[in-house]
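Right after this note come the structures.
Across the two complexes that follow, chain A remains constant while its partner is chain B and subsequently chain C.
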Partner chain A sequence: MMSMDTFMAVATGGLVLGAIYALMAAGLAAVWTTLGIFNFAHGAFIALGAYLGWQIAATQGAGLGLVAGTLGAVLVMFAFGILVHMALVRPFERRADIVTASVITTLAGAAIIESAINLIWGPRSRQMPQLVRGEVDLGLLRIPQSDLVLIVVVACVLAALGWFLGRTRAGRAMRAVSQNRQAAELMGLDVPKLYALAFGISAALAGLAGIFVGGLRFMTPTMGTDPLMKALIVVILGGIARFTSPIYAAFLVGMVESFSNYHVGLYWTPAVLFALMIVVLFLKPSGLFSHHQRTL
Partner chain B sequence: MTVPLLELRDLSGGYDPIKIFEGVDLVIEAGESIGIFGPNGHGKTTLMKTISGVLEPWSGDVIFAGERMNRASARGSRRFRNFNYDAVTRRRMDPKRVARAGLIHVAQGNLLFPEMTVAEVLSIAPLASGGRNLQGADVHALFPRLTERRGHKIRYLSGGERQMVSIAVGLLAAPRLLILDEPTLGLSPKLRAELCASIGAIRGLGVPMIVIDQDVGFLTALIDRLYLFDHGRIARVLPKADIPDHDTLMTMLFGEALT
Partner chain C sequence: MRYDPPFHRTNGLIPALIALAGLIVLPFVFEASYIRHLLILAFVFGIVAASWDLSLGFGGLFNFAHVALFAVGIYTYAILAKTLGVNPWLAVLAAGPVSVLVATLIALPVLRLDGIYVILVTIAFSQLVYQIIISQSGVTGGTSGMVTLPPLRIGDYRLTSDGRMGYYYVALALLVAACAFLHLLIRSRLGRAIIAMRDAKYLGIARGVPEARTRALTLAASGLFTGLAGGFYASYVRVASPDIFGLGSLTLVLSILLVGGLGTIWGPVMAAFVIILLSEAMSDLGPWRDILIAMLIIAVMVFYPGGLWGVVQEVREAVATTLAGLRARWRRQTGRAAREARMGAPEQMILTRHGRVAVSETGGKGPAILAIHGNSACKEAFCRQFAALRETHRLIAFDLPGHGVSDNADPEEAYNVPAYADVAEDVLAALGIETPVILGWSLGGYVGLELAARAPDRYAGLAITGTAPLNIVPDDFARGYDASSHLVLAGKQYFTSAEQHAYASSATAPLAPDSAFMHRNINRTDGRTRYYMITRLGVVDWPRQMRMLREGSVPFAVLNGADDPFLDHAYIRSLGYGRIWTGAPHDIAQGQHAPFFNRPEAFNLAFTTFMDWARSAARPDVRASA
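== the complex of A and B ==
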C-alpha cells in the first residue's frame, strides 16, 4: 500500500502532467476542429517554444528571467503559428486532398523546425531556469511551488480560452467556421483569417506547454515528440465535442500515467495508456466526453 | 444613369466537369426584386452559389453595385503563379468579399452552426457596406419566435426556425440584396405561413431580393419580374403583370405534352 504522502506526491505529479497535456490537447484540438487537419508539427512547436523561452530567460541567453521568457515565447509562437499556416497549409486549402497534403507538409515542418533548433542551439540538452524554488505547505499536502504555479497558470489560460471561444466575437466566429465553413463564408466571415488565428492560438498554447515541459525535463530538439503522442491519446480519448472534453481526458491521462509510473513502471506506462485508448475506442469511438466529432 | 444593383454577363458554371448552367444574362436595377422559378435540378441553386462565390464561375462576370466580383482569369496572373495563393488554389471569387459588399445569400436548407445558440449566431454577423442596417430588435420583431429560442442550440431548432435564424443573420449583415433560396422548402403549413409573412415584411422594409420558390403566388407578391429557369438557361422573363398561375407556368416551361 502507498503511504498518504506518496499518494499525494504521485497525484500531484499526475495533476502537473494533466495540466501540460491539457494545454497541448487544447492547442491540437483548436486546429483539428477548425481546419479539419492534424498538425504533426505541434510537438516541434513545443520544442521551439521551450528554446525561445530559454534564450530569453536563461543567464546563458538574454537573462531576462522566466516571466519575460514565457511571455516572449508565447508571443513569438503565436506569430510563428500564423506563418506556418500561411506557408504549409493555406496553399492547399481548397484542394480535395488537403488532409493528406497537410499530413506531409506538417511532418516536413516538424522535421525542419527540429533541425533548425539543432543548428541554432545544438543537440546538447539544456535546463530551463526555475521561476520559484522550494515547497508550499497546503496543510494536507506539500507540493513544489513550481508545480503550484504551473497548475494555476494552466487553469487561468484554459479559462481565458473558454471565455474567448464563448464570449468574444472572434472566438464565436472561430467556432462557427469549425461547424460549417460554407455558412460562415456566406455570412461574410473571413475564413482564412480565422484559420490563421486558430493556428496562432494553437502554437501559442504549444509554446507555453514547451516552457513547462522544459521545466520538468531536460530540453532537447525532439522534446516535443513524447508530449505530442500523449496529447494525441488525450484528444482521441476525450473527443473534441467541446473544448473542455480533451481537458478532462488530459487530467485522466496524466493521473493514469503518474500512477502507472509508480505501480507498473516507466517502461510499461505507454502500453497502459494505449490499452486504455483502445478500450475507449471500442466502447465509445467518438471519445469519452462527446457525442459528435469535429466541433469546437 | 444609375448603376444596376446586380448584373450577370454570360455567366456559366457548375461542378467540374459537369456544366450546370450557361449563358445567363440578368440585370437587377436598384430597388428591384426578382423571382426565379423552375423545376428542381435545373441549376437555380448552382447559379445562386456561383453569384455568391461559393462556386467558381466558369466564364462570364458577376458585377455587383458596379464592381466586378470575379477575377478575370487565373491565367492572367501567370507571372506570379508561384506566389499567388489565388492562382495556386484557383480562387477566382471570394465569398467574403461578395458578402461584405452586401450581397447576402441565405442558402437552401442551411444547417448553420449546430452547436451554437441562437443568440451566439446572431452576434457574429459582420456588417456589409452600404446596406439597410437592421438592429437586433428589428430582427426579433420580424421573427418573434426567435426571441423565445435565444438560448437554444441550433441543432434543437425545427427546420423553419433554423431558416428564420438564417434569414435573420443575413438581415443583420445589412444586405443590399438578399438571396433567398427556397426558404419555405419542407416546412409545416403553420411555420410556412409565419415565414412567408416575415419575408413579406422584410420586402416591405425595402430590402431587395432574389427569391427562388415553387409557390408562384408567394413569389408574385414579392417581386417585380419572374425568370423562368429551364435546363440551365433562362427560358423566359415575365414582368409582374404577366405572371400567370402555377399550371399555366408549368405549361410554359414544359409545353403541352406534359399537362
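== the complex of A and C ==
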C-alpha cells in the first residue's frame, strides 16, 4: 500500500504526463482527422520546438526568457508545419496510396529534422531554463510550481483549441473537411488551405509540448521519439471521434504510466501500455471514446 | 485461367544468371576485402528489404516492425551462440524460425485492422521489442548490447580469412535462397492471395481468400529470411546492439525498398548495392548522410515512385521497341521481293494519321477487298486469298502500326482499335477505294466492326473470322473466348522465344515451311501493341458495333474455323444479327484460328459466296423485296 503523499505525488506525475500527451495527441489527431494521415514527424516537431524555444529563451542563446521562447517556438513551428505539409504531404494528396506515401515521407522528414538538430545544436543534451521554481502548497498536495504552470497552460490551450474548433468559422470549416472532404469542397471551402492550417496547428501544439518535455527531461535530438510513441498509443486508445477523446485517453495513459512506473517498474511500463492498447484494439478498434461520428 | 511460366522459362533467367555469375567471380576480380565487406552488407540488407517488400509491396501491409524482426534475428544469434554456446551455424538457422514466431505474434493484433492502424500497432510492437531488449540487460546487454559474438567457421577455417571470402559466399547463397523463396512464394497460391488482398480485398474475400490467415502468413513469411539475415549479420559484425532500432537503420532499409521499387522483389535486391555504396561513400558526412538518404526517399516517393525497377522496365521497353523498329526497317529493305512474290502484289508505304504503314495492293478492276490482319501478325497472312482471288478482285492488305514492316507508332495514340480503324480509312482514302468488302481477322475483325459501325454506307460487306463481337467489356471478353494461356499471351508485352512459338502456332499455324514467315514476324511486332490493345479495350464504342450488327446496316458474315481453339462458338451464335449471310455464323470445317490460312479453299469459297450475296443484298431492289 502506498502512503497518501506518495499517491498524490504519483498522481500529479500522471497528470503532468497526461497534459503533455494531451497536447501531442490533440496535435496528431488534428492532422489525422482532417487529412487522414499519420504524421511521423510529430516527434521531431517536438524536438525542434524545444530547441527553438531553448535558442530564444536560454542565456546561452538569445536569452529572452522562457515566455518569449515559448511564443517564438510556437509561431515558428506553426509556419514550419505548413511548410512540411507543402513539401511532404501535398504531392500525394490525390494518390490512392497517400497513407503509405505520407508515412514514408514524414518519417524521412523526421530523420531530416533530427539530423538537422544534430548538426545545428549538436548531440549533447541540454536543459531548458525554468520559468518558476519551488513548490506550491495546495493543502492536500504540494506540487512543483512548474508542473502547476504546465497543467494550467495546457488546460487553457486545449480550451482555446476547443473554442476554435467549435465556435470560429475556420475551426468549423476544419471539422467540416474532416467529416466529408468532397461536401466541404462543394460548399466552397478552401480544402488545401484548411489542410495546411491543420498541419500548422498540429506543429504549433507539438512545439509547445516540446518546451514542456524539454523542461521535464534533458533535451536531445531524439527527445520526441518516446512522447510520440505514447501519443500514438493515446490516439489509438481514445480514438479520434471527437477532439476531446484523445485528451481523455491522454490523461488515462498518463495515470497508467505513472502508477505502472511505481508499481511494475520503468522497464515493463511500455509492455503494460502496449497490452492496454492491444486489449482496446480487440474490444473497441475505433477507440474507447468513440460513439460519435468523427468530427475532430 | 492462369499463365505463369516457371522462372527458368521467363525472360528473367538469363539476366539473373549473368548477375549471379558476375557476383560469383567478383571476389577474384576485386581483391580488396573492403569491397567484399560492402557487398556482404548489400546482400544482407537486400534480403531484409526484399522480405519487407513481401508484406509492404505485395501485401500492402505496412509492417513497421520489420526492422525489429531483423533485430530479433541478431539477438537470437547473440544469445544462442554466445550465452548458450550453441553451434554458430545452428544459431544462424534458428534465427529464422524465431523471427517467424515473432512476426506471427505481430500479426495477431493486426489481423483485423486496416491501413494506418496496422502501422501504429506494428510501430508500437517494435518499440515494445526494443524496450524489452534494453530492459533485460542481464540477457541482452541492455543499451550497450553484446560484443565479441562467436564468428562462423567450418572446422578450423574461419570465414573471415582470405579477406572475408567465406562470409561473402555464404551471404551470396543466402541472397539467392531468399530470392528463390520470395519468387516462388509470390507465384504460389498464397502469393496470389496476398496480391489479391492488396488489390481487391473484398472481391478476394468473396472468392474465398481467408483474410486473417493470408495476413498472418504474409508477415510470417516476410520474417523468415529477415531473421536468417539478422543471424548471419550478427555472426559477421559480431555485435548485437539496440542501435538497430534507431531511425537510421529504418530509413536505410526503407530507402533500399523504395529506391528499388515496391512490389518487385528484384528492385530492392538491386537497390541494396546502390544504397549501401552510397551510404558508405557518405559515411564521413555524419548527420548529413541521414539527411541525404531521407531526401532521396522523399524524392523517389514524389518524383519516381517506380524506383530503380521502374527504370529497368523503361530501359527494357526502349530496347525492345527500338529492336522491333530496327527489324521492321531492315526487313522493309531486304525482304521486300520475297513479300511481293508471296502476295503477288507490289508493296508501298502510305502515310496515315498514325505513321507510315506498308500496303500490298493487287490493283485491277474487280470488287475491292480490304483484309485486316490480327494481333502480332502481318498482311502476308492473307497470301492465300491474294493468290486465289487476285484475278477477279482488287485485294488490299496492310500491316497495322507496330506490326509487319510498318513503322512503330505512339503507343498511347496508335495502338488501339479505333486508331487502327483510322489507319484503315487513311489507306482506303490514299488508294481511292470506295465501298470495299472488309475481311477482318481476330483483332482485325474488331477493326472491321469499328469501320462498319462508323460509316455503314461505305462498305459493301464485312466478314470477320476468329473474332467474337463484344457488347460489354471486359465481361463479354470472358464469354466470347475460351480462357487459355493464348489469351494471356495476346496481351503480354514481352515474349520469350517459347512464347513466340506458342503464340504463332496457336494463332496462325504450326511451324512449317509455308507458315514460318508468320512465326518470324512475331519478334518484329512492337510488344506494346499487345499490351495497349488489351488495356485500351475500353476506348472502343462496343455497343455501337453491336447495334450496327443488330440493325444489319452492313451485309455481314462470320466465317470462323470450326476448330478455333479460342472462340466460344455458342456465345457468337447467341448474338442477334440483323443481316447475316446464311442466317447464322458459318463455320469452316477443320478451320483453326486462321481458317483462311489453314483451309484456304473452303474459306475462299465461303468468302466469295458471301461477297456475291452481299452484292445482291446491297442492291436496293433486292433489299426492298426481302
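In the analysis below, the second predicted complex is superposed on the first by the 292 of 296 C-alpha atoms of A that agree within 3 Å, B and C clash if a C-alpha of one lies under 4 Å from a C-alpha of the other, contacts with A are read in each partner's own complex, and residues count from 1 in each chain.
In the analysis below, contacts are C-beta pairs under 8 Å (C-beta built on N, C-alpha and C of every residue); 3 or more make two chains touch, one makes a residue touch a chain.
For clarity, every value in this text was computed on a predicted model and none was experimentally measured.
Annotation: superposed three-chain arrangement on chain A; chain B versus chain C shows no clash, the two fitting side by side. Contact with neither chain B nor chain C is seen for A:196 once the two complexes are overlaid on the shared chain. By the document's definition of touching, both partners, chain B and chain C, reach A:91. Superposing both complexes on chain A places the Cα centres of chain B and chain C at an angle of 60° as seen from the Cα centre of chain A, in steps of 10. Touch criterion met: A:185 reaches chain B, while chain C stays clear of it.
Once chain A of one complex is fitted onto chain A of the other, the partner contacts of A:114 are limited to chain C, with no touch recorded for chain B.
In the superposed model, A:24 lies in contact with neither chain B nor chain C. In the superposed model, A:169 lies in contact with chain B only, and not with chain C.
In the superposition on chain A, A:157 makes contact with neither chain B nor chain C. Touch counts on chain A: comparing chain C and chain B, the chain ahead is C. Between chain B and chain C, the shortest distance over C-alpha atoms in the superposed arrangement works out to 6 Å. Under the contact criterion defined above, the residues of chain A that touch both chain B in one complex and chain C in the other are 91-92. Of all residues in chain A, only 90-95, 169, 172-173, 175-176, 179-180, 182-191, 241-242, 292, 295-296 touch chain B in the complex they form. Residues 32, 36-38, 87-88, 91-92, 99-101, 103-105, 107-112, 114-116, 118-119, 222, 225, 229, 232-233, 235-236, 266-268, 270-271, 274, 277-278, 281-282, 285 of chain A touch chain C in their complex.
Within the complex formed with chain A, the residues of chain C that make contact are 56, 60, 62, 109, 112-113, 115-117, 119-121, 123-125, 127-128, 131-132, 134-136, 246-248, 250-251, 254, 258, 286-288, 290-291, 293-295, 297-298, 301-302, 305. Against chain A, in their complex, chain B makes its touches with residues 52-54, 85, 88-91, 95-96, 99-100, 104-107, 110-116, 120-121, 123-126, 128, 166, 169-170, 173.
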